[in-house]
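As written, the chains take the letters A, B, C and D, and residue 1 is the first residue of each chain.
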Amino acid sequence: MIFRRLAIAAVCAVLAAGLAGCSADASARSALSQSAGTAASTARSAGLVLGLDQGDRLLPSVMDTGLSDAADRLATEAQAVATMTATGGIGASRDRILADIRDAQDEVASAQRVSAAANTSAAALDRQRRTLDRLAQQLDAAAKRLEQQ
Amino acid sequence: MTDHRDLPMPPPVAGRVLDADLDLLDRQILDPDGVPVSTVDDLELTDPDDLEHLDPDTPPVVSALLTGPILATRIFGGRMPDSRFIRIPWKVVADPGIVVTVGVAADSLDASWAERWMSEHVIGRIPGGRHDPE
Amino acid sequence: MKGLFAVALGVLTAIGGFVDIGDLVTSSVVGSRFGLTLAWVLVLGTVGICLFAQMSGRVAAVSGRATFEIIRERLGARLAVANLSASFLINLLTLTAEIGGIALAMQLASSISPGLWFPVAAFAVWIVIWRVRFSILENVTGLLGLALVVFAVAVFFLHPDWSALGSQLLQQPSPHTDESPATYWYYAVALFGAAMTPYEVFFFSSGAIEEKWKPKDLAQSRVNVLVGFPLGAILSLSIAACAAIVLLPKGIAVTSLYETALPIAQAFGKIGLIVAILGFVAATFGASLEVTLSSGYTLAQFFGWPWGKFRRPAHASRFHAAMILSLVVALGILLTGVDPVQVTEISVVFSAIALPLTYLPILIVANDPKYMGDHVNGRVTNVVGLIFLGIILVASIAAIPLMIVTGAGA
Amino acid sequence: MILSDLLGSPVLTADGERLGAVVDARLVLDGPPDGMLAAARVYGLVVSPHSHSSFAGYERTGVDAPALIARFLRWRARGSMLVLWADLASFTDDVVRLRPGATLYSPRLSGDSA
């Protein structure tokens, strides 16, 4: 009796492991695509914050909150992507996405420094906004590619 | 298949009729000033002398409303010893309506000891706890 | 004149009190991801909450019984305990989110990290509940919450493409986003559950007892509900529309409170932001008060303890102890570092249990002449009530599978 | 004895045929004065053949709204009956047994014809 139950459990476990193995590729890909998408949205959000600040439409406290929130979220995604096991030939896209997220992190960090400085440089903030938008586009494109494969 | 529409009505009775579960159980108990005492968590009935040969002329009567920890046994099963019952004697029940009113102050009943304890030892000691809100 | 003032005040507080952190962020999330294609859910949920809030208020005014007492009486101890557990957990999670929401709103105003605001916010909520009279706390937070009207005005100032917004209203599963149908329906169920969240009924019916409503006050309560709640829903809709106009085309999917405010910055600049942040603080603070009180009301009414702000705290000691404990637990959850906004997502699961078990007893008692005398439900109310009970049941059954399939709407 | 002891107990006829389960106890306040009210005696037991509990008592009261819920709950409690205390023979091992020739009455609450 007990052996039959054990046998059934074993068969189930093997089946589950098999299914998990087959879908591991797909799930890694979709997780990567999701991280890229979130990072893109975050970078855009930070870009919008910088843009609104340029138009003198933002309170400094909201700008601080927005940039620090974006920094946190990008850090989370970078961490998630960096620790992802790249199976099924997504290693190359993973590295590119990670590099883009890291670049976006750098831009946000330097925007935080610039906005904290006494005399904010409008030109620098504008440059960072453009870079963030460009990175967001790249990340979005990467996310789309991964989904379509 | 018996349908109750075919069944005769029971012999008429002189007093007020209450279905224990429908009209008493789980109702709020209030004192004469409208202060909540507790809820009716169960009813205590007098024990028949001989459960194997029930006496048709001496039906059980409600001796007390029960409240407190007995609620747990009603929900999760089990039986607690009679000595630990918290009773509100039927004597003090004034009106079993959509709320059950008792004729004595909430503070005089065992059922509100937890309220009094919490009031004396915790809430009443926090500044402002004994004043009306502003 | 005094009557008119009371009506106006009631309506205004209902508008301001309708929106909480869940509405602020969820509306904005949904708007930025699905445009206005889910607006119909908001309309449906608003009709439902109007119907049942009004019914529970009528039961309270006529019979003097608040909603959780009725739940206990009609469902019996066992089912009522199931409902109590689910409702109390929803309350606790919502309270966590609201306190977190106050802190996030204060961060927007001050740049000081929310972690430092959590204890301040929880203490402020407690002190108001401890010392301030019910009518004052209800009216002040409701009126300040009206600052959120800035979102409704902003919709016009943002010069949207009206025909595009209009066609979003009528289109189901949204055409120009990449969201899957399951995700769409997950958000539909979550929005519906949030609009009909039981704490509003607990608060509303207990508030009727706190303010000693009598049957003659029913007309006024009906106006408050039927005007105030829908106008409050319009605020929610405006927040969604602002997100749909500004954030959706940019590809920004909202995850934080500050993003909800960005369309206002775009429309009105700094002044608008100040008004919006004031509205955020008032709405989250008001909702924190309502939810904390609801935790106390549900427990006290289930166990038959003395409750209510019309009593001194020492005369409703377990009621106050329960609220203090709820605030402490909520603070504890926040200090673990969870995202306060995401906490509310788990409550969808518990809503599946709490919603049917809350609205069924209200409907049954509202038909019982022993409680209601001549004020029993009319035919139309019963038919609509039954239809909503059906919708609630379907949403409840669908909620958990949808949550699993979509990974909570990710 | 507490009320919960009775509720849910199976009810058998004198021949051992199962009638149903006790879902409620009918009390009558017609005893000698006991404090502020008359003593409440157990007048009979409400027995339901198909369910272990009664919900909202639609089978006993005159309330029939909302119609759909009333109809469903009456169907669930179909065939419910009232047995009088005088017709109970024994209550042992959580089983209620009736006397031979016990009468089954309608469970309706007559005062509730509203």
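Keep in mind that, in the parts below, a residue touches a chain if its C-beta (ideal position, glycine included) is under 8 Å from a C-beta of that chain, and two chains touch if they have at least 3 such contacts.
Since the model is a prediction, treat every value here as computed from it, not as a measurement.
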Worksheet item: Which chain's centre, taken as the mean of its Cα atoms, is farthest from the centre of subunit B?
Response: A
Worksheet item: What whole-Å value do you get for the distance between subunit A and subunit D if each is reduced to the mean of its CA atoms?
Response: 65
Response to the item:
Per the C-alpha means, the centres of subunit B and subunit D lie apart by a whole-Å value of 19
Discussion item. Roughly how far is subunit A from subunit C, centre to centre by C-alpha average, rounded to an integer in Å?
Written reply: 32
Worksheet item: Centre to centre, by mean C-alpha position, how many angstrom separate subunit C and subunit D?
Response: 42
Worksheet entry | In subunit B, residues with contacts to at least two other chains | 21, 25, 74
Worksheet, complete the sentence: Within subunit C, the set of residues that touch 2 or more other chains is 76
Item to complete: Could you tell me which residues belong to subunit A and also touch two or more other chains?
Response: none
Worksheet item: Among all the chains shown, which pairs meet the touch rule set out at the top?
Response: A-C, B-C, B-D, C-D
Worksheet item: Of all residues in subunit D, which touch subunit B in the complex?
Response: 1-4, 6-7, 23-31, 34-44, 46, 49, 53-54, 57, 59-61, 78-82, 84-92, 103-111
Worksheet entry | Residues of subunit B that touch subunit C when the two form their complex | 21, 25-29, 35-39, 41, 67, 71, 74-75, 98-99, 106, 114-115, 118-119, 122-124, 126, 128-134
Worksheet item: What residues on subunit C touch subunit A, complex-wise?
Response: 107-111, 178, 247, 250-253, 255-256, 258-259, 261-262, 265-266, 269-270, 273-274, 277, 410
Practice prompt. Spell out the part of subunit C that touches subunit B in their complex, as residue ranges.
Written response: 63-65, 69, 72-73, 76-78, 80-81, 130-134, 300-307, 309, 312-315, 317-318, 320-321, 370-371
Discussion item. Considering only the defined contacts, which subunit A positions touch subunit C in the complex?
Written reply: 34, 37-38, 40-41, 44-45, 48-49, 52, 55-62, 64-66, 69, 73, 136, 140, 147
